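This is the structure I want to talk about, given as structure tokens.
Letters A, B, C, D, E and F mark the chains as written, and numbering starts fresh at 1 in each.
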Amino acid sequence: MSLKIIGLELPNIPWQERPSGNPDVLWRYAQNPVIPRDLIPCSNSIFNSAVVPYGDEFRGVFRVDNKAREMRIHSGKSKDALNWTIEHEPIHFVCDDEEIGNFVYGYDPRVVWIEDRYYVTWCNGYHGPTIGIGYTKDFETFHQLENAFLPFNRNGVLFPRRIGGNFAMVSRPSDNGHTPFGDIFYSESPDMTFWGKHRHVMGTTVGWQSTKIGAGPIPIETSEGWLMIYHGVLTSCNGFVYSVGAALLDLDQPWNVVARTSPYILSPQTYYECVGDVPNVAFPCAALVDSATGRLALYYGGADTVTAVAFGYVQELVQFTKDNSII
Amino acid sequence: MSLKIIGLELPNIPWQERPSGNPDVLWRYAQNPVIPRDLIPCSNSIFNSAVVPYGDEFRGVFRVDNKAREMRIHSGKSKDALNWTIEHEPIHFVCDDEEIGNFVYGYDPRVVWIEDRYYVTWCNGYHGPTIGIGYTKDFETFHQLENAFLPFNRNGVLFPRRIGGNFAMVSRPSDNGHTPFGDIFYSESPDMTFWGKHRHVMGTTVGWQSTKIGAGPIPIETSEGWLMIYHGVLTSCNGFVYSVGAALLDLDQPWNVVARTSPYILSPQTYYECVGDVPNVAFPCAALVDSATGRLALYYGGADTVTAVAFGYVQELVQFTKDNSII
Amino acid sequence: MSLKIIGLELPNIPWQERPSGNPDVLWRYAQNPVIPRDLIPCSNSIFNSAVVPYGDEFRGVFRVDNKAREMRIHSGKSKDALNWTIEHEPIHFVCDDEEIGNFVYGYDPRVVWIEDRYYVTWCNGYHGPTIGIGYTKDFETFHQLENAFLPFNRNGVLFPRRIGGNFAMVSRPSDNGHTPFGDIFYSESPDMTFWGKHRHVMGTTVGWQSTKIGAGPIPIETSEGWLMIYHGVLTSCNGFVYSVGAALLDLDQPWNVVARTSPYILSPQTYYECVGDVPNVAFPCAALVDSATGRLALYYGGADTVTAVAFGYVQELVQFTKDNSII
Amino acid sequence: MSLKIIGLELPNIPWQERPSGNPDVLWRYAQNPVIPRDLIPCSNSIFNSAVVPYGDEFRGVFRVDNKAREMRIHSGKSKDALNWTIEHEPIHFVCDDEEIGNFVYGYDPRVVWIEDRYYVTWCNGYHGPTIGIGYTKDFETFHQLENAFLPFNRNGVLFPRRIGGNFAMVSRPSDNGHTPFGDIFYSESPDMTFWGKHRHVMGTTVGWQSTKIGAGPIPIETSEGWLMIYHGVLTSCNGFVYSVGAALLDLDQPWNVVARTSPYILSPQTYYECVGDVPNVAFPCAALVDSATGRLALYYGGADTVTAVAFGYVQELVQFTKDNSII
Amino acid sequence: MSLKIIGLELPNIPWQERPSGNPDVLWRYAQNPVIPRDLIPCSNSIFNSAVVPYGDEFRGVFRVDNKAREMRIHSGKSKDALNWTIEHEPIHFVCDDEEIGNFVYGYDPRVVWIEDRYYVTWCNGYHGPTIGIGYTKDFETFHQLENAFLPFNRNGVLFPRRIGGNFAMVSRPSDNGHTPFGDIFYSESPDMTFWGKHRHVMGTTVGWQSTKIGAGPIPIETSEGWLMIYHGVLTSCNGFVYSVGAALLDLDQPWNVVARTSPYILSPQTYYECVGDVPNVAFPCAALVDSATGRLALYYGGADTVTAVAFGYVQELVQFTKDNSII
Amino acid sequence: MSLKIIGLELPNIPWQERPSGNPDVLWRYAQNPVIPRDLIPCSNSIFNSAVVPYGDEFRGVFRVDNKAREMRIHSGKSKDALNWTIEHEPIHFVCDDEEIGNFVYGYDPRVVWIEDRYYVTWCNGYHGPTIGIGYTKDFETFHQLENAFLPFNRNGVLFPRRIGGNFAMVSRPSDNGHTPFGDIFYSESPDMTFWGKHRHVMGTTVGWQSTKIGAGPIPIETSEGWLMIYHGVLTSCNGFVYSVGAALLDLDQPWNVVARTSPYILSPQTYYECVGDVPNVAFPCAALVDSATGRLALYYGGADTVTAVAFGYVQELVQFTKDNSII
């Protein structure tokens, strides 16, 4: 393998080999969904969630919509990243500032280790959706920082290390509703409080990514660039369809797109992706990667109802992105 | 059981016990749907229908959309309230006034015994949707009275007795389309012809009941208040989702809400609720109750296509409503 | 004059003769607007208002939008119906029921003498616009009754006497916004509290009355039928245009339309009708009529900003309606 | 059989008899879908496609949306019209005019033999959707002609012979989006280049065909008129529902409708019609007919994802259309 | 003057010289509007009209909206092209085909002499707006031909001679409402009945022409190309604004745009352009040109209410178009 | 005068005394508009502009829409702040970063002296509207910095000094169209590059400020708090109406609102505010204040077409805000 994946050793990554005859660059876990909608008593649905290695176990932050259909974030843990135990109570973020810490709603979290702690970002309700930032060191106590941006924003995803000396984040400026548009932008911060140097990364094109796009898992650093798995939305006469694609971003100037898949790499086709609270949604939020083997386990929400996993090899995904690029 | 349910003896109520391990306050009939979409030759779908005890049998009025997708109301009968015979021809209402009796469309009926007859209300087409009122004594001859209100209105549901000397009805003022808003109001009438003393009962909140709400079955009189099961609607990026909740209304001033569930008590999760002419709809229109045991059989439409039943105990439902109230 | 006008002697009606060469059935008062937008300190605009004879003077209820752009109703008086004194404070309605009496907003009032008092109707804010009803005997103390209808309704206009033993009202069911549709309906009440026997009167057609219509002044009883002056709305690419037309309704069954003007009888063409808070609005709310001469003074709002008057003869207007009818 | 079907001998038509007890005029192929979404490597979905007899085999043009969700047309062949081989590359149309031949997108093709060749029509992207026309003699080389109409148009369907000396086509004028309206029109051309003599054929009515309608397969010539199978669309609160109906058009003046089904003859009810990229779609594009037996095999898209077949008898369908006509 | 204008001698063209100090390429007639809204008894407004030389006099076809706000076309005549006599009755088109000749509505006419007669085109109501075609030889008898296109279309403007042997027309495909989009297309016909060879000419850009565009007067043939004056529309938060621009089209392939003004050449700024039935509209429909002097009199509608004239020199306008082109 | 105004000595402020009998807190300059739409050759309109004292003269940045209706910013100068000379060419911002310096569009500028230079903010086109920041020391050379925020944002207004050690700005998050919503937020920056600590300041209420609000001139520091003049928008059936109000913000925590006017302090009522490119707009962008006398000259755009001035006293305005507050 000539492609180098930077710093993501994960010998115990959950894994199933590609089914015989399956030509796709990603293939689904045969036992999907890994997390059913009703795993905990209060849950209407558990989806669009993020997981990370934690010692030789796994931890995660999970979007749990309760039976009032309120959007909450819960923490959870697992030994194999497939069987999860999720806290019955939502995360309570400790926050110095009363107004910022006043929880309204939170959804679609991401989690990433940077330097000395796990940072969590999520779509945070503060007079509209914006990007909330918090951190934890143990997945028991969570601290909330300032919101990164003014409303309206969604899908704020941190890079796993500083770029040019600053923290770096991609996000998708939105409106205050279901947002029928949306491009991916890049921003930097010296301190996780003040954000600037905003750059446009990429916009919508045609087909499955013609309405809006948004970053998914934490970008994966490779010798060929940042591998950013993202979702794209198509608007049919019956609503939005969420599929999954991939892009390669320049390592130093991530707002420069090196390659980007013309086809999707996963689209809603199974029952648990097509039938549920929001039909026809495959929404990726996290990836586990083993740099030694290139194995990748992609965690994504199905039909805004359950959590599913798909597998692939990073090197194949990078190659596929370059071979099928619209750039 | 300290809760008293007023006047609804029904020893032969259809019934299945709660499945082992099911923690929900309502549970589905295992043989759902009880009425398939194609029960009678002309039917495209049979849903959002209402049933009542009739002697030791059962009678009902049924929303039947025919294969032109015209909305009609049919009468039907059953010995066990699970196996139904539905008339192949729609109800023909006898009406003194030619203009009122000119049937345009009718849907989502409710039926209730008050004093000396069964009253039927439904969404009646008269230059837009409004609340039609009729009555029958034998489910063979049906008489139509004046429409209760000016257009535009839906989900008009009578109380089973006079309140303050007047007939009483809740309804949901609407517009002439799919209506992206809607609160429940209360009105009175001395004579089923003239209506007034309109009071706002309750509006939308968040989550599953954030777009609009509407009363379902005839309110159930209990010592704690009127138990009103109702539907609430959430708007996802792919359309409306109809779930079911419950409220307790003051016995004498039903426009005063005593308690109201924050979580739904049933939401569309099964195939027959999620897949059909309108995906993701659970729409309650009737309840059979046995006051001696508190057993409740809730009749609701699934996916605007079939009729389903769920079971529960009134006393548990009242307690759940109080324990999970957003009031 | 063979046409008989019933019971509206008004020797001191304000009046200007038709300008030489003007062929129109209505002609504008040369000193329009009669009420400027800033007549009283708090007023942003004074328009869509109603006046009646009162002894040998005149009284009225006036839509006054204050400088917060809140919609209020004020009372006023005049000796000649052209020069008005308007109270600086809004009308405070005395009401037995706290919830009904809780003023939210009120606009577009009408006023009429029936039997023993002056009744006022207006668009009343109660969880959306509906028809408020009140009465006064002296234009100093005003009492508020129950709202006539459930929301959403506007342009509720009472007939000046009972019909078939009941009070009678036309109104225009609406939605909770700017309402891009709307027909005129008729309803009756035995007691001004409970309303029913709803009948469709007339709907939209083409051109100036293609979007929605609504009754204007109190209908004028004539030997040929009720003369109902109404507004119609056309939707251009730049919004709504409000013009004025006339209809003749059957005396005993006012929901039967005898004649209805195809052309408008007045449309926004002057500066004070075309330029203001809402451009291109001529909105009639009241008419003074002298049955002896047939003189008619029509009061209407201009551009939702000022109050204007136009003159005509009832007999000419009836004839015009019959000669130019689309019925 | 007194009904005569003109010139469609097809002894090897694919066929299954009506299942016992099935009262419907059309019944589904038990092995549906006949073409799965992933038949060829690039395909996201294969649906809304057209087939014709070709010698004693079959040929077709197929809507294939690739995994970029770009809309393309592919050719294919089959010996039994049930098992299809589809080219992996889209059709490349040879065109004299560079601007017309510049392919943007193409979908929903129809194919018909007229005089000396197979003509193909499809929804062609040229500054918006319009009707592209091409022809082939061997399903290997395809030639593209001028677009029939200005944008915006969809569902252009040729008649199988000249009418009144001209080529004839029905089509559905549209807008540049998902088009919430649409009637069927008829046009003629002396030369397949210039089109005129446009006539309105039929519009929307109620129920399943209340939003828009569009022709499906090539009209079938019978002694009672042209049998035109078409789709109709209903708008629920969750989007469009596409069903199938039938009409009889006058043989010489096809813009005169002889009969038209009030009920649908097929509506989306199976999993493969209700679940997929666009839920609740049954969209017919082709029919194979054997005039000797009257057997008909209707090809239609399911959920904008797969291709399905339904069977029936032309004579029964004509009779049903006449017996259940809304004309 | 090196620019040659082809065949438009008009010694008696109406004319005022450019006011001193006015730098604009077009300047308004000081006595605008030339036609007031109430010139004839039935007229609500007279605008968007077309005029031609006729012997040594002038004739025209006029959009007259009557006081029902129905859209009609009237003929008129003038000796100086400034003072007009307009027929009180609309044009009655003689038509062989009853369905085509059945007048629904007509507006925004253009008129042009081709070969042996005056052709009239207009926006014609036939199940939606399309392009009606008629002709006259004397402006007394008018004949109606087939509609050029299927709905939905507006602003169909003929070229004054055949191009490549065919009649030629530009038009603006539309939808069935106020149409928030629209490009100019070119089509040809051998016989004024069948139309084809459709080509895209030009689309929207930014600013005053960012929403839609449409051809205005008959294109003026010059040695530099066809001078096409057109309207462009900007959408402000208060609706559409119609301004005027100019383009040069290739003489032989008019779908090739040689030059096109970036700035408008006239925009609504006067009272009669800003205040009226539709504020902020300047809509050109005709031009009189004297090829000897290059004088041009542009006729345009003001605020969809009155008819106005502006003056300029063709050679200056061509030069301005080339100097300020966005091509 | 007990109120202290901080640091705004301006002895040569333009001034007219309040007209006799005028009770309003602001009164218009009698010679309005001070800047006509066509002051410079390219200008379609000049409005929503900002001015500052500069030595004993004045300088400004002006929104100039050219005759292509492109939005540009020009610099200008004046000796009396009433008679302005505006550069014929737009400002060219010097920028180190090519992508940021690539001008797309700019409008609605504000200008303020902070510490050592004049900062300019404006609505800057960068993949949607956001807040551009630049600075000048001489109004001849302008430098552009990073955009403050991600799209979509408008009405970014800097405070005239650091607060809590940081630069401070209010802005109004928006969407990518005409934005039917919008609240005012507060943000801080240590360096004019990175922005954070976002706080909600105030939202919409009713009447004239029910749709959206946005800050106008640079906040005026007084002993009672920051006096922030802002615009509010009401949506009538004919579009947006922009009026002017005032608020007092806490000096140290400007996101805490001390007082806020319930009535507007200026609304569009004159011809130049009601008639123009966008009717019914009064949009304030700058204020000149003399702290010795409290005189205030408010610069605002009229009808998105011209620039106007109104006068008042700061102390009266502060008192009015407190006396008429909705807080």
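Everything that follows uses one rule, which is that a residue touches a chain if its C-beta (ideal position, glycine included) is under 8 Å from a C-beta of that chain, and two chains touch if they have at least 3 such contacts.
Owing to the predicted nature of the structure, the values given are computational and were not obtained by experimental measurement.
A.B. asks: So using the touch definition from the top, which pair is joined by more C-beta contacts, B-C or C-F?
C.D. replies: B-C
A.B. asks: Which one of C-F, B-C or B-D makes the same contacts as A-F, at least in over half of the residue pairs?
C.D. replies: Of the listed pairs C-F, B-C or B-D, the one copying the A-F interface is B-C.
A.B. asks: Would you mind checking which chain's C-alpha centre is most distant from the centre of chain A?
C.D. replies: Farthest chain from chain A, going by C-alpha centroids: C.
A.B. asks: State, to the nearest whole Å, the distance from the C-alpha centre of chain E to the C-alpha centre of chain F.
C.D. replies: The answer is 42 Å.
A.B. asks: Residues touching two or more other chains, restricted to chain A: which are they?
C.D. replies: In chain A, residues 238-239, 275, 279-280 touch at least two other chains, as defined above.
A.B. asks: Dump the list of chain pairs that touch, please.
C.D. replies: A-B, A-D, A-F, B-C, B-D, C-E, C-F, D-E, E-F
A.B. asks: Flag every residue of chain E that touches chain C in the complex, lowest number first.
C.D. replies: Residue positions touching the partner: 37, 41-42, 44, 65-70, 178, 238-240, 275-280, 304.
A.B. asks: Which bits of chain B are touching chain A when the two form their complex?
C.D. replies: Spelled out, the residues of chain B in touch with chain A are 23, 206-208, 210, 234, 236-239, 241, 243, 262-264, 267, 269, 271, 274-275, 279-280, 326.
A.B. asks: Taking the complex as given, what residues does chain A use to touch chain F?
C.D. replies: 99, 126-128, 130, 146-153, 171, 173, 175-176, 181, 183, 185, 187-191, 193-200, 203
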